[in-house]
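A quick write-up on the structure given underneath.
For clarity, chains are labelled A, B and C in written order, and residue numbers in each chain start from 1.
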Amino acid sequence: MNLLSIDDLTPENIKNLLYIAREALFSSSRLRHKILATAFFEPSTRTKLSFHSAMIHLGGNVIDLPDSSSLKKGESEEDTIRTLSQYADCLVIRHPRDVKGLAKYSSVPVINAGDGSNEHPTQALLDLHTMAMMDKEVLKIMFTGDLYHSRTINSLVKAITKCCNAEFIFTNEINEDLKQYPHLMIDESEIPNYIDKVNVLYMTRPQVERHTDKLVTSNFILTNELVNKMAKDAIIMHPLPRTKELPPEIDTNHRAKYFDQVKNGLYMRMAILGWLI
Amino acid sequence: MNLLSIDDLTPENIKNLLYIAREALFSSSRLRHKILATAFFEPSTRTKLSFHSAMIHLGGNVIDLPDSSSLKKGESEEDTIRTLSQYADCLVIRHPRDVKGLAKYSSVPVINAGDGSNEHPTQALLDLHTMAMMDKEVLKIMFTGDLYHSRTINSLVKAITKCCNAEFIFTNEINEDLKQYPHLMIDESEIPNYIDKVNVLYMTRPQVERHTDKLVTSNFILTNELVNKMAKDAIIMHPLPRTKELPPEIDTNHRAKYFDQVKNGLYMRMAILGWLI
Amino acid sequence: MNLLSIDDLTPENIKNLLYIAREALFSSSRLRHKILATAFFEPSTRTKLSFHSAMIHLGGNVIDLPDSSSLKKGESEEDTIRTLSQYADCLVIRHPRDVKGLAKYSSVPVINAGDGSNEHPTQALLDLHTMAMMDKEVLKIMFTGDLYHSRTINSLVKAITKCCNAEFIFTNEINEDLKQYPHLMIDESEIPNYIDKVNVLYMTRPQVERHTDKLVTSNFILTNELVNKMAKDAIIMHPLPRTKELPPEIDTNHRAKYFDQVKNGLYMRMAILGWLI
């Protein structure tokens, strides 16, 4: 059993993970004597430490393949994965292009922690967890920033569609994967006209490291003036790290939930690890 | 509760920590399921591994922000600390300038592991622990080396003054912080005339990485001839790493306590972690 | 008690370690509250992670001196080892030249994880474990590749000689250490004539990083045609990482045991850690 894509999950799987994360149904020695190996072929300390913390909270332990590892030098990535899977009970892999292909070489479950512009299913699930805590019948979500390159949004829209009623507003150019979902496409200049109608403002940063294929620009910067137009119980989300699109002055607004997302990420990853291992 | 400066401690706090460290009043599962995060914005493997070992000895576990972390790149240090504090029960931060400012962004206790030339309170406490084991009514301490830039000596003199009777001899230029304490100032050339009168010879290396503001030179090199002039029960201390000021030929002398300091550091950091978490 | 060389082991020690590894006589909390420190002055993620995993499987924990550590900079390696041995219950050291010399400065047991072209005793023991599982009266082993620089083969031949009946075939230039053992020396071009007569084909990669003293070339590349000439119950071994000498097309042959070696390495290192600590 792997978690490589949101496609690997049934709606029931997703609802079950949300339930476990929300009710914090964790035993602190559930994964005692179990080992998680993290292999990040593209650096991301934030995601890696989130998995480390989740595994330790469950009573397990962690080994880490360093970013610039000698294990990778001089040997194929396939051999690296084969070797790591002898040492651990579960692998978390991030890769600039392909995790699915590498997962075939593992003898233990593999979690995709982001593969290029494709998917980032655990980030999607933790975001869904944050949204689900609002208990809305219909989620009305406006996405801003670099939607074209965001693997998180790819995975998130797929996950939401599987288990919730939702309406999507996109404010910038989208990729082929996203085009298949019903949505309203508006221009960034129209955001002020719609921001009072949504439950969730989901912001992303420019994924400049992926702009080799296509340049995407976004000039949208959130202001307190705009935030004050939002519904009282609407929330602002961002997968972090942020750049100038989300100024620190917003942090004290009660709608800012992006640091709660970090904590929710810990709980959701505990739910995922407990389920897979 | 943070430990950012010796100022955060009452004399009773200090005495209590010394008592715990000395009597080794540690339970090996005291911090079971607790996580310590280390964030060193300036490298120091020695201090970091000392905290790792202390936390594991108490039954807890550790996550580490790598020195050149992607978590730091592209996001503010404030956001990094906010994120880390979601993952862990206590943070240990080292920073080239400011730990106090960053600590405000943490939702869990913060320990200062050195902030520029300001303070290094846990090193001061472990040194005090080493001195306290001598059971002297009055500590007579001679400090040599680069006293101007040593944050350890700043913290140490402050801690000693809080809870012991002590007399200080400085043998090199000192900074404004140190000038406020009663002391005798001598020239390095006079060290041989005073070395037989002290309980403690506390040596430091040139802090060349901090000489951007001011160049401090020290030509003092300890010799066996000088060591043999010291009182039989006097001790030689050094926070390590050492350079040429303290040659390996001294290591076999019974007065050499600098490797005992390393072990005492482990015990004192166990006492501090057990107290804060 | 250290494990610096196969010379540190009696035949009984070796047989006992093989028995423990084979029968998996491990208690998962045998080393609870114990700490292993890894100090690799020459990078090797594979070996390091194998020890990490073994220690965690035994219920212990790990601290790691980073490859490019500040602990090493500005201080002698001797002081580094002295310091680490205050923090941990056992050290694993890899070094480009000398582990024996450094081990003198440790106050806890030291395991040699490879010292230049000298020895690599734990790799030898795990290889021996893999061979011992064949239950052959006489091991007939053909070694290929860069035999001159392989510390693994130095240690392995020594270990086999101590406790098994074996016949060695070398197919390339050997060093002085290996010359003392009875062996048959053939040319690489003759491998096809002998490959059907051995139980074990032990392959190594060119150790190009050690070719500063002497250039060793090997043109031998294993093919399926050759593998099919081997005895049905013969096995192919390689300490990994591999380069072109061992193409992935061989991996599906039942004789390929090089990924089993990785798993056996975990068990043998658990046996060694449990015995030393």
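Convention: contacts are C-beta pairs under 8 Å (C-beta built on N, C-alpha and C of every residue); 3 or more make two chains touch, one makes a residue touch a chain.
Treat the numbers as computed from the prediction; the structure is a model and nothing was measured.
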Copies chain A and chain B - rotation angle from C-alpha fit, nearest 5 degrees
120
Between chain C and chain B, is it the same set of residue numbers doing the touching on each side, over half shared, or a different set?
different
Between chain B and chain C, what distance separates the C-alpha centroids? Give it in angstrom.
40
Junction residues of chain B - those touching two or more other chains:
61
Going by the contact rule set out above, which residues of chain C touch chain A in the complex?
28, 43-46, 49-50, 52-53, 56-57, 59, 61, 67, 240-243, 248, 259, 262-263, 266
Listed in rising order, the residues of chain A that touch chain C in the complex are 33, 35, 37, 61, 63, 65-66, 69-71, 74-76, 78-79, 82-84, 86-88
